[in-house]
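Chains: A, B, C and D, in written order; residue numbering restarts at 1 for each.
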């Protein structure tokens, strides 16, 4: 598990060109640093705060872009699915399919995703305790899938705020599956702007260091060449040109903490 | 708006017989007390904690039971829908369709439901602030539906607990639509039992009094003839034989608070 | 326990004149409504957010005002104490002495207060669960005092916000002592203004109705003739001229809920 | 600021022998690792959950032990004070005096402590947002003391739980003073045992890594030779014999993160 794997990319497929450009940049940096890399983007933002918000190109167009990404860069791809019927076609193209946090309790979606045989990245809902993730794991296992990942993205903390409980990573590790940290979404301030979530982009490196100090299997990250003009979650996105120094620090930290022997203090 | 309306019934359609028996009882009590009544039950529990949990009879069988309920008792019916394709057929039978709390940000579902023209009962998600409900209202309005209801059911308060913010009712009233209180689900203790939610049934009357002291348009309530053997959310269900004294108290309270003139204290 | 008792007054002893004027008004209204009344004011605000904030006249001057209040209106008086040495002299004048929420775990203060033999009003700290109040009760009992009152004033809910858990009243009632509701402080938004707490004065009647729907022994209330110019917690204070309609509604509500027989739903 | 300083010791002065033994061990390990060290112990636990809990030797006896510690090991000492009258005598012996979290808003205590001229370690209350700490800093500055330290120890997260908001460290750093992390108390589960706080000792290394990944000025730590028989907060105490491997890992982590150049992502 050294170093961590990166699920990195952009929030939404704003355009084929942005996807290719961003992926090329991620590939260059992760190859240089020796970090296993999976390209991430969403073909549809199905739960935007406002109906007027940009949602993405949709399933068919999105899958074409993912195919081109895979053909061009020979990298695996992860994307999120929102309804049961999407699971099979998405899994034909994508290597990892992601269960959104808000939907993580929807049994039909979980089962449809699990049955594809793809790796499932399970986002922890903002309203679930870490130990409750075991129920979602059980649902997947009973549908025959044990290629599962748990992914932290923050817990509801009063109104319009999220907090990442660092003790939750250890609780989730005990459940027996790889644990990732979605630092981007954990930076959100839900309802923080008039019609969409705010974010704390200036603190992305700090929060990533805290999470990755826990010796995790992977990091989930969204970046954008110009976060202020991003069509979704710009307030949380890493400026793409900071990717190399950012990952360089996180990799050193990850290498160090994974070199530590466990200390029994119970 | 006097007295409040009751969305009352059972959690899940455990059987046709239970539905008919419960509805008959609700009709008898609400007629006696003069409370406008809508029968509530779910045809599918799509987000149970565990895959082994009982889910219900499904869409087709469920709609048949709802038709029989309507034919037999001449009452309107409310039920919850979980995927866009369900909205239209459910709205052909049911008078009010309910947007589940966890799904309240899913744009496609919101729009599909709104387009049916049915009344929409919007459950407030445990992770949303009261003022954020305006975005969901906007989504419905832009899809052409202004027959909307907002329904409080508690906010995440640390792990495995919900709290009802009484100040949130006033905030939601300002958004211009009727506000209901789902006392049953607000009693949940998420993840409180090994494989399902716990509840605080012993306090149902207390919590109902607190919520209904706010002068609300309606109350949402689930009951069961034997809560300890209920197939879902028994720990939160009112024992059915307590329905009359329970509603009798709530109605008196509602009548009283709605007789009060507003006091300007800003 | 019918009707509830009122601990009502002003936040801080801004002046002798304000205290006398406010008390006279409270006495007039509570006599008219038949509500048992105790005058409340603080001689020192020992935990203001900012060092520049007004603190009050101090112990000696404050006690003189309380003596004049008692002499003039023949009402009992409650005030809060902050250090062990204050307990005895304050208890010589005041009938009820109050343990501040932030200080409710300070054993020496609790014991010093308990040993005076005065009635103790124990504010529930924002960081304590309702069931934890039993430890503070035990401390008082072991110091020989069983004239104890528990007083809810909201729980920390994320940053800069408080929420009142209505289910907590029932939990505290089980501890065997009278339970009061401090509606004023529960309206606070801690850190909500540049250098002091904000508040939600416009919702004071709503929150009072919710709390008093629980059948409580008493209500704690602060008012001010001109809340916008109050020297402390103006954003939470009831405008004094609204006292009669406010109490009139609360008394009717209290009378009603206390007329209800208990409903066993466990 | 490399490496971090350690405020390390024991929770309460259970005995002179324990204090000397523990300090000797801390001195040996910190000298070996090159970590600046300050001995910490409490002479009085003034806010135990239960009145029957052990409180410590008291002020006079405690100061004698601190004097012996200083004489024997030539290390600075930090302890907490609870009432204004204690500030001056404690500051005559101790180098750093600590403002307890629950008391951090008590103006008289803050001012009395600040006026001693000693360094003040300000514990952040569980009910305060990071930015609210500025008010306490202002109180100290206005009393003429600018030798101030801010110390995180977790925020209320629902009932009986604390969470450490990693983004809060960055917020507090902006206030211009050194920021420490009290990992021991952040492990508490308030009210988690029948008559005292529980804790998550098994996760002490994980939580320390998360906090110290933020590039902090110091770490606050309590250890015990036999945590299960400790007289206070044993469930949170590091087993003393794990001190060297624990600090060795934290120092490597601290060295690494402090070698990183800042990355501008705002």
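In this text, contacts are C-beta pairs under 8 Å (C-beta built on N, C-alpha and C of every residue); 3 or more make two chains touch, one makes a residue touch a chain.
The structure presented is a predicted model; accordingly, all values stated were derived computationally and were not measured.
With steps allowed only between chains in touch, the distance from chain A over to chain D comes to 1. Of all residue numbers seen at the chain B-chain C contact, over half occur in both copies; the interface is built from largely matching residues.
Note on interfaces A-C and A-B: more C-beta pairs are in contact across A-B.
Farthest chain from chain D (centres taken as the mean of C-alpha atoms): B. In the CA-based superposition of chain C onto chain D, the rotation angle is 180 degrees, rounded to steps of 5. For the pair chain A and chain B, the distance between C-alpha centroids works out to 33 Å. Mean C-alpha positions place chain B and chain C at a centre distance of 35 Å.
Centre-to-centre separation between chain A and chain C, using Cα means, comes to 48 Å. Listed for chain C are residues 155, 157, 159-160, each touching two or more other chains. Contacts from chain D toward chain C in the complex involve residues 46-52, 55, 82-84, 102-103, 105-108, 110-111, 125-129, 131-132, 135, 138-139, 142-143, 155-156, 159-160, 190-191, 195.
For chain C in complex with chain A, the residues that touch the partner chain are 157-161.
For chain D in complex with chain A, the residues that touch the partner chain are 155, 157, 163-167, 169-170, 200-207, 209-214, 238-239, 242, 245-246, 249, 252-253, 256-257, 260-261, 263-266.
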